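What follows is a set of structures to go through.
You will see chain A twice below: alongside chain B first, and alongside chain C after that.
Moving on to the complex of A and B:
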């Protein structure tokens, strides 16, 4: 099945729109529709499981929130409402960011940023970071093995029993691996001319397609609806 | 043409890897091997050619390096990158994209070639290097050898005049090394200048035109392949160089008459994510046996090793120690793995503390004794990260000795080690074997196997293909497993 491929520039713009939508959201219902909309985006991008999990988790949070508002009183209520309020504001953006990061190729990102005339000093570190994220998962497998061989349990229970030791066992090798990987990645990129000032091209064609405009129209319409609702309501 | 004129360099805060007064001319189209001990300066020399020094690694530089008459120090990195392509040791951290096509195009995308040409070049590269079947794949799912091929292809696509390779074979198995050799011959035939810094020399002997030997930052030997091959092995060993001809290597230890078995596997099958990786494994091993575990990438060596140590749980069949069935937890208590990248398993802030890390009532005298036996006592208060690769391995082995582990597993221990470190590691393994430990070594390194192992366990097709004691009769078969001769 053909999955939706959006232009990296569209994705950035969608994140911006999403932040605005979350900010101006007039009610919980709107928040939920926004998350559902992002879920839909995930589905057409070929990320079924991600969409399902994201929306289901958010539904639970919404239920919990309404329950809190109805039943709780006093300090507990204030505390939970404050915490949940924050969660509601960032949830949608976090979910969208997850989709963006997992569907954007590093090269594609760099080329799109070059089109937008973003300075390379800014985009190269972000590209290295994007590339570094998946290596953490590989590192984690090795570190888990190493910990177990030393009789340190890499589980929640182990953490509760000996928090300092567990944290130490994770962050020391992770940090060592990270600094090495970052150096090697940078070297591999500068020796292949990443700093070339010419506007970078890309094997994957970068252009705004109908679907890009469609996605932007959808999210903008949603934002407009929110604003109208606020004014009218 | 590359010219070094009176070049000296030193890294800040380190004596290793400095260069002293280098004068060197490498004409176009020459294929040069740089060799010498770890820290002799061969990597530094390559960094002066690809511009990483002084632009990425700073330090004190004097003299000048000329590339076709132009001073490299005055060229920006991206201009050097158009002429000099570099391939590095670790395939894991050399790629920037998730899919192979984009990765191969990465360099030429930076050069801003038009879209149609990008496509044509990627296709051409894949054809010339015979890697069409790697196109359109997820890089994270490739083996180390395949990743290295993609790294090579990405640089090749940029069509540089000069190709630099820094220990490219470190993480490759025998068959991947053969393919690397083919690729080197190909670029040489295209008239490119090729410079390889390496510890493993045998696969380069009929590729290179010239061999430079570095010692403490100076070039002290400049040989033709013929002169180099004529060096006798005693001389080569004092120079700290690994073998030039695997065929001449012979096992040092032959299998002793069977010791009483302590470890026994009965009809063990292993699966990974519900798919069977290995089945029908039965074997016995006694105290002091040193067993090489060999096989192609994906043959199940990693799963097998992790199972021995109790780290892998999808395991069916019987695992016995001294005749008693062992649960994964008990196996984990008894065994230790020295990982390929030992950095993952060093946790403490000093070498001394590392030895007793995580032990509730540590035996301090034993830790001290172990450290001095392994030559690590002088570094007691150093941070583990400041040690060399070989020293880190010894430290990891030391921790296993302090914990009293009885089964030891080494995963590709010789990758990136020079001759001296390899010899020291072989001595350590002999010592551990003498203490009665059961030792497994996952390796592709025939030279190292000759120096340590008494038995070869060969995996293939989801099972044990061969289980051979190292004896005179078995030697031809062992050689064929390692592609030697």
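Moving on to the complex of A and C:
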């Protein structure tokens, strides 16, 4: 299947637009349309499962929010509304970030950043960080299993029973793994010439295509619509 | 095999990769610590306390591993970008940026080797998270406006205002410093007991 390949620069710009859209969103409906728009982007990027799950979950959250606003009163309402407010604010950006991270290769990202003349001292840590976040989650599952094997409960109750033990069991493997990964990754990247002072080359051609401009136009138009709606309404 | 790479002055690729990995851990622990507090308007002031409580060992191990200038500044810049992109108040992002540079300078006094000074610099970077609340106390109206513009609910802000007194600010600042100090203490012990023995740090 022919899937959409966006330029990393476009993706970054889309994230910025998405933050602005979430900021200025005048109503719940607009938020939902924004999420649907991101879902559409996911579909054309070949991630229709991700899109379906994301939009369906958001629809449920929206329903729950309207129910909360209508039925609940008092302190509970304040708490839930505040919590949901934060969720609504972050959801769209998080979903878009998920698509961006899973579709961008590290090499492409670094090349695009080099084109934008971003300092390497900043782009390398960011690229490594984004790649390492999912690994932490994976490690955490293994560590949890290992803790159970040793009769250390990885829950809050276990923490209260034996705080020092639990803290050690969580931090030490995570930090050791991180430290080892840092050594191995840096050796691998030095071997592949990350310290080469010459400008980077990249197998994937990095340039702005028609689809890039189209995506930017779509999201900018949506932002403009929101702003107009806010001023008029 | 690591020693040969660290001889070079300035930040080598190895250091940059390490900063990236430790930033990821720092971010995860800060989020886990803060997530219970942030969405609740009464508890939101204690969010920096929660974040400060968990990150100490990560920070100290990072400094123990890479004893060079600009490492903490880069961490500050990365956190600043992440908080801004996720739609937090701008002062929080700025706070991490500024305190990152300050913490870097402070840690530099001990050449990044003195554990006590490193702990002090961790306390300083933890205070970066309190910046958005300090802005709130300095100018509640302007703060409410920014947050409303960012899409936060009116009732959240109202509740925050009714709980936000000078006392809360004192508790938040002292609490953050204490939590960071405890976290750093645990981190120091852990470094000594686990990582130095295992040969991960020198």
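Here is the rule we use: the second predicted complex is superposed on the first by the 190 of 233 C-alpha atoms of A that agree within 3 Å, B and C clash if a C-alpha of one lies under 4 Å from a C-alpha of the other, contacts with A are read in each partner's own complex, and residues count from 1 in each chain.
The rule is simple: contacts are C-beta pairs under 8 Å (C-beta built on N, C-alpha and C of every residue); 3 or more make two chains touch, one makes a residue touch a chain.
Bear in mind that the values here come from a model prediction, so they are computed numbers and not experimental data.
Chemist: In the superposed arrangement, which partner chain does A:181 touch: chain B (first), chain C (second), both, or neither?
Modeler: A:181: touches chain B and chain C.
Chemist: Per the contact definition in the header, classify A:15: touching chain B only (first), chain C only (second), both, or neither.
Modeler: Touch status of A:15: second partner only.
Chemist: Quick check on the superposed pair: does A:24 touch chain B, chain C, both, or neither? Answer first, second, both or neither.
Modeler: It touches chain C, and chain B stays clear.
Chemist: Does chain B (first) or chain C (second) touch A:225, or do both, or does neither?
Modeler: Once the two structures are laid over each other on A, A:225 reaches no partner at all.
Chemist: Is A:204 touching the first partner chain B, the second partner chain C, both, or neither of them?
Modeler: A:204: touches chain B, not chain C.
Chemist: In the superposed arrangement, does A:165 touch chain B (first), chain C (second), both or neither?
Modeler: Once the two structures are laid over each other on A, A:165 reaches chain B alone.
Chemist: Report for A:4: first if it touches chain B alone, second if chain C alone, otherwise both or neither.
Modeler: neither
Chemist: Where does A:138 make contact in the superposed view: on chain B (first), on chain C (second), on both, or on neither?
Modeler: A:138 sits against chain B, while chain C stays out of touch.
Chemist: Tell me which partner A:194 touches in the superposition: chain B (first), chain C (second), both or neither.
Modeler: It touches chain B and chain C both.
Chemist: Starting from the residues of chain A touching chain B, keep only those that also touch chain C in the other complex, and list them.
Modeler: In chain A, positions 127, 168, 172, 176, 181, 185-187, 189-190, 194-195 sit in both the chain B and chain C interfaces.
Chemist: Residues of chain C touching chain A in their complex?
Modeler: Residue positions touching the partner: 1-2, 5, 11-25, 27-28, 38-41, 57-58, 61, 65, 70, 74, 77-78, 81, 84-87, 149-153, 155-156, 159, 186, 190, 194-195, 198, 200.
Chemist: For a test of understanding, state which residues of chain B touch chain A in their complex under the given definition.
Modeler: The contact residues of chain B facing chain A are 50-52, 55-56, 76-78, 81-82, 84-86, 88, 90, 92-99, 101-102, 105-107, 109-115, 118-119, 122, 140, 151, 154-155, 158, 306, 309, 311, 332-333, 335-337, 339, 341, 343-347, 357-358, 385, 399, 403.
Chemist: Which of the residues in chain A end up touching chain B in this complex?
Modeler: Contact set of chain A toward chain B: 105-108, 110-111, 127, 131, 134-135, 138-139, 142-143, 145-146, 148-152, 165, 168-169, 172-173, 176-177, 180-181, 184-205.
Chemist: For the complex, which residues does chain A have touching chain C?
Modeler: Going through chain A, the ones touching chain C are 15-16, 19, 22-25, 77-79, 81-83, 85-90, 93-94, 97, 120-122, 124-130, 132-133, 136, 167-168, 171-172, 174-176, 178-179, 181-183, 185-187, 189-190, 194-195.
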